[in-house]
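Letters A, B, C and D mark the chains as written, and numbering starts fresh at 1 in each.
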Amino acid sequence: MSLAIICSGGDAPGMNPAIKKFVDYVYKCGKTPYFIYDGLEGLIDAKIKKAVHSDVAGILHNGGAIIGSSRSKRFYEKSYREKASENLRKFNINGVVVLGGDGSYKAFEILNAEFGINFVGIPTTIDNDIFGTDYCLGVDTALNVIRGAVDNIRDTASTFKRAFVVETMGRECGYLAAVTALSSGAEICVIPEMNFNKEVAAHFLKKDLQEGRSYILAIVAEGTKATYEIKKWLEDDILMETRVTVLGHIQRGGNPTVFDRMMAFEFTVRAVDLLIKNKNMCKAIGFSEGKFTALDIFKINKGKYEIPSNILRDLHFLD
Amino acid sequence: MSLAIICSGGDAPGMNPAIKKFVDYVYKCGKTPYFIYDGLEGLIDAKIKKAVHSDVAGILHNGGAIIGSSRSKRFYEKSYREKASENLRKFNINGVVVLGGDGSYKAFEILNAEFGINFVGIPTTIDNDIFGTDYCLGVDTALNVIRGAVDNIRDTASTFKRAFVVETMGRECGYLAAVTALSSGAEICVIPEMNFNKEVAAHFLKKDLQEGRSYILAIVAEGTKATYEIKKWLEDDILMETRVTVLGHIQRGGNPTVFDRMMAFEFTVRAVDLLIKNKNMCKAIGFSEGKFTALDIFKINKGKYEIPSNILRDLHFLD
Amino acid sequence: MSLAIICSGGDAPGMNPAIKKFVDYVYKCGKTPYFIYDGLEGLIDAKIKKAVHSDVAGILHNGGAIIGSSRSKRFYEKSYREKASENLRKFNINGVVVLGGDGSYKAFEILNAEFGINFVGIPTTIDNDIFGTDYCLGVDTALNVIRGAVDNIRDTASTFKRAFVVETMGRECGYLAAVTALSSGAEICVIPEMNFNKEVAAHFLKKDLQEGRSYILAIVAEGTKATYEIKKWLEDDILMETRVTVLGHIQRGGNPTVFDRMMAFEFTVRAVDLLIKNKNMCKAIGFSEGKFTALDIFKINKGKYEIPSNILRDLHFLD
Amino acid sequence: MSLAIICSGGDAPGMNPAIKKFVDYVYKCGKTPYFIYDGLEGLIDAKIKKAVHSDVAGILHNGGAIIGSSRSKRFYEKSYREKASENLRKFNINGVVVLGGDGSYKAFEILNAEFGINFVGIPTTIDNDIFGTDYCLGVDTALNVIRGAVDNIRDTASTFKRAFVVETMGRECGYLAAVTALSSGAEICVIPEMNFNKEVAAHFLKKDLQEGRSYILAIVAEGTKATYEIKKWLEDDILMETRVTVLGHIQRGGNPTVFDRMMAFEFTVRAVDLLIKNKNMCKAIGFSEGKFTALDIFKINKGKYEIPSNILRDLHFLD
């Protein structure tokens, strides 16, 4: 029996630990591991190779993914999907572990429906925006990278009595921004999930400033597109000189934290086990309330991830 | 109503975020927060002060504890415990949040029995060795500090084709060593919870070395006292030049990770809530299978923490 | 005799080590140290305080400046400058150590000319753009912060076979960008000091890409305003999907490196020595070819810093 | 013309940047670069390979040395030295760049005398103990790794009102300990180069402790063998609970700092230039007072490196 691993869509720290565990564990189970390089593009182009232990030596502490990833437009055409499926059959691959987000699961759900391709997804995205799982691989590392950046910005903010607007990644989901705001003690957090009430915020900020507050830190999720609006508001209404920092792609890289490494191992073992024990798999591993589960792909793609209510509740303290 | 916070025993990253949350949240609940400085020693000497918001500004990213900690011999004498209790009454303190391990809970359990002192413990120790909770504050930061050190050691190990024995903290509990071994891909892990079989290990190591392995990393928990025995074995039986690194107190310090900050907040809110809502409290907050619980102190002190079975199982892969 | 220290203009890591050394060394010399808070604004408003040892305990590892900094518009009016000078006399301050760049020296040069205020500047700016000195305080820390960010970006760039444009600070001076490009092995560097030849660069890049290069890293100095032009060129001419990261203010913060701490000490001791030994001082400390010097302010303000020729030479290799 | 590079003796961060520059620059000069793997042991065993650009892609941020290093006992026998020389001739290698310390230079000095082997050394050791150069590759990275460890230890020291003795590497040279003590604001520094006067130190420490000092940090160089003596003294005479941390091999690893990367490039270019332009070379590159020089090996091996007098002077402040 042969199993393959593929990365698809945006990369996230923790992919390499998952890839290493995949190779080690598949061999341990007496099966043969394969790499699919460069995501769906590579799958279409048959960039497939049998993996050996030495391929994954010393990669645990590297961000990114040694097998590459991609976004594929060709995959929208059935002829290319057919080619992808044929490539899997040529190499006698019985199942695929998919590191990626819900977009990637949708792609494989179609391959499953059209060509019976067997797969299990591992939720992998720093956005933490996949319905059905509390945790996505890469989030803990991203949060700690952001922490380092915010710590640096606070140094300069406190020296200058300025406001800083820090934009984190997160298109439809404000998880990174929300947890960053709480864990760094920011005064303002603007995310898609919550209405930001400027009047209330202004009331509290002005009171704080009168009582001696010397700087303001605002964390804004990319998806709100409110970064520069908040800057203007801080300057015009709160009367603070304000700087913007868009953290960008530094959030995607970095040495995976211990938590992401351990989660990568746990996710991978469960994904491989499911593929070994079952004939037709179209699922993803989830992690909910401290437990791992197997999620139906069609359910994932119908729901929308919601930030835990206790985090949203605490954010209201900021106002 | 007034509540106090105290740190007792070994320090751990995450204490400062807990202290900050304590002050902010107690005020939010309409109560008055107090600091007890320098642990039980300070409690005996009435080093108690009303806390204000500015005391805890900008401390989220600092390791250690701004209110200090201590181990106290005087506390073993009842006269000093009486003094400690009187000090709490003098300041009209209705309950105490205790950041520390099971030794500290025992101390407060006695204060509770003898003088009716109300308290809730927050499990705080990098050893992760408290019965009844899966997680203790500070562990995630300690693991990531160790990760950085092991990454450095690997650089030099791989250059020299040497074996390295890295000793982590953990007197009776091998949790830090076990998770470090797995997450850093170490070849050997020696912990109190598991019998280390040298013959089996030697068999696999020698095979690996013949197949091209160039260095060996062994993680040993302090509590096994086996560090130098493993070194000797690696030199005499495995025939590798071997170096020892005892990580020591660098494991206790460092900027708390996002996970430790968030856990500090959650633990603290629950501890404060319990003290506000209940008259006689002699409990600690636990975190089990993704949920927070309230643990009876007498139960904690009767059981022994066990490393999760999946971690022990994976460690057997190393042999 | 009393001496004061002030931070003026943009902040830089190394200010706190300089402030600590100032207090310790001035006391060691038998004189009295003063703090001027919040830059020229604070000087005008008489935010001046005698410094004691405990003010500077435990600040060596903090970025920013505990005494604050500012940019001042009021200072352009003579009445405010007079006020500033009067404040210094009121506190019997005989000389001022000025942490800042050439703009700050100009301000004090005027105070010197108009009111005989005695001062010595310490070149402090991450831009490294002060004429007459090879090194400005904060540069080494900024370069290493950028290094960490670029390492992260490389993780994601290599996974995706993308180009990345990273914009560093530096308005008129490309030093940060130039050293970052060399030390991180970037393929492209665009700075104000050098003409960037797109045709030549395209020739080499295309050759590299044909030979297997999988990603491109371009470092662009803020002052060139070419960041998005380079992005467009990489997409349109080199045909690489391209992402931009503007590092922004994270470059100003961070725990000062050992080099910046030691340089802070050396600069400060020399500045204090000059003020103690001389009546009328209008100078700045410089560091050239491994030696410290005393620079005339009027000369500094007439010249323009040039990036060392060996760095510019090596950048031509990139094309 | 062919040139080779070898690492010999203890490893140091900065070796990989030097190795990368060596390959790139030798090709740029129109010559052929070779790797000698695993130090003198590998030279004896003819582990020699032509280097290509892809060998050195993405290694700038890795500690250690991708070509390995070793200490060799066989090299003391002439028959093995003859073999080493023959191997160089077999590959038509005209000169060798040697990354290592004075012991390695001695080895090549003998090869030069006996067999006319041409070489240029690059001072590479975190001990910074080579006569004739102010700087050895790896020192800046090691100092910053130590800084991180000491920052962590300070967290726990300040919480507990304890003394900490931190032992740094450095057998005969206290440079790392001295610079660490100054840059981290330690109270005590014990190095081979300076007599440590316990009475004087005790006098000042006791005064400090009376005035409110809450913890003591002592930095001790390995070569003094005084680590546990200082611990005992702090406990018995200063009456402080004291912990020891031996930093060990974490000091040798780590992502090279920007300074070490840039110095690696500068050293390497000069070493290669000397080998290209000269027939018989038996020298090492030095860096003195801000300038690079070419040092005669026999002179290096006759002198002893001395810590700069200003550093020793400042250490006396600690007493």
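Assume a contact is a pair of C-beta atoms (placed from the backbone, for glycine too) under 8 Å apart; a residue touches a chain by one contact, two chains touch by 3 or more.
Predicted, not measured: the structure shown is a model, and the values here were computed from it.
Across the assembly, the mean Cα position most removed from that of chain C is the one of B. Note: centroid distance chain A to chain B, computed from Cα atoms, is 29 Å. Between chain B and chain C the centroid-to-centroid distance comes to 40 Å (mean Cα coordinates, whole Å). Centre-to-centre separation of chain B and chain D, using mean CA positions: 35 Å.
With touch defined as above, residues shared between interfaces to two or more other chains in chain D number as follows: 151, 154, 158. Going by the touch rule set out above, the chain pairs that meet are A-B, A-C, B-D, C-D. Considering their complex, residues 7, 11, 13, 15, 38, 62-65, 68-70, 145, 148-149, 151-161, 164, 214, 243-254 of chain A touch chain C. Listing the residues of chain C that touch chain D in their complex gives 17, 20, 24, 28, 54, 58, 60-61, 134, 140, 143-144, 147, 151, 154, 158, 179-180, 182-185, 212, 255, 257-259, 261-262, 265-266, 288-291, 310, 314, 317.
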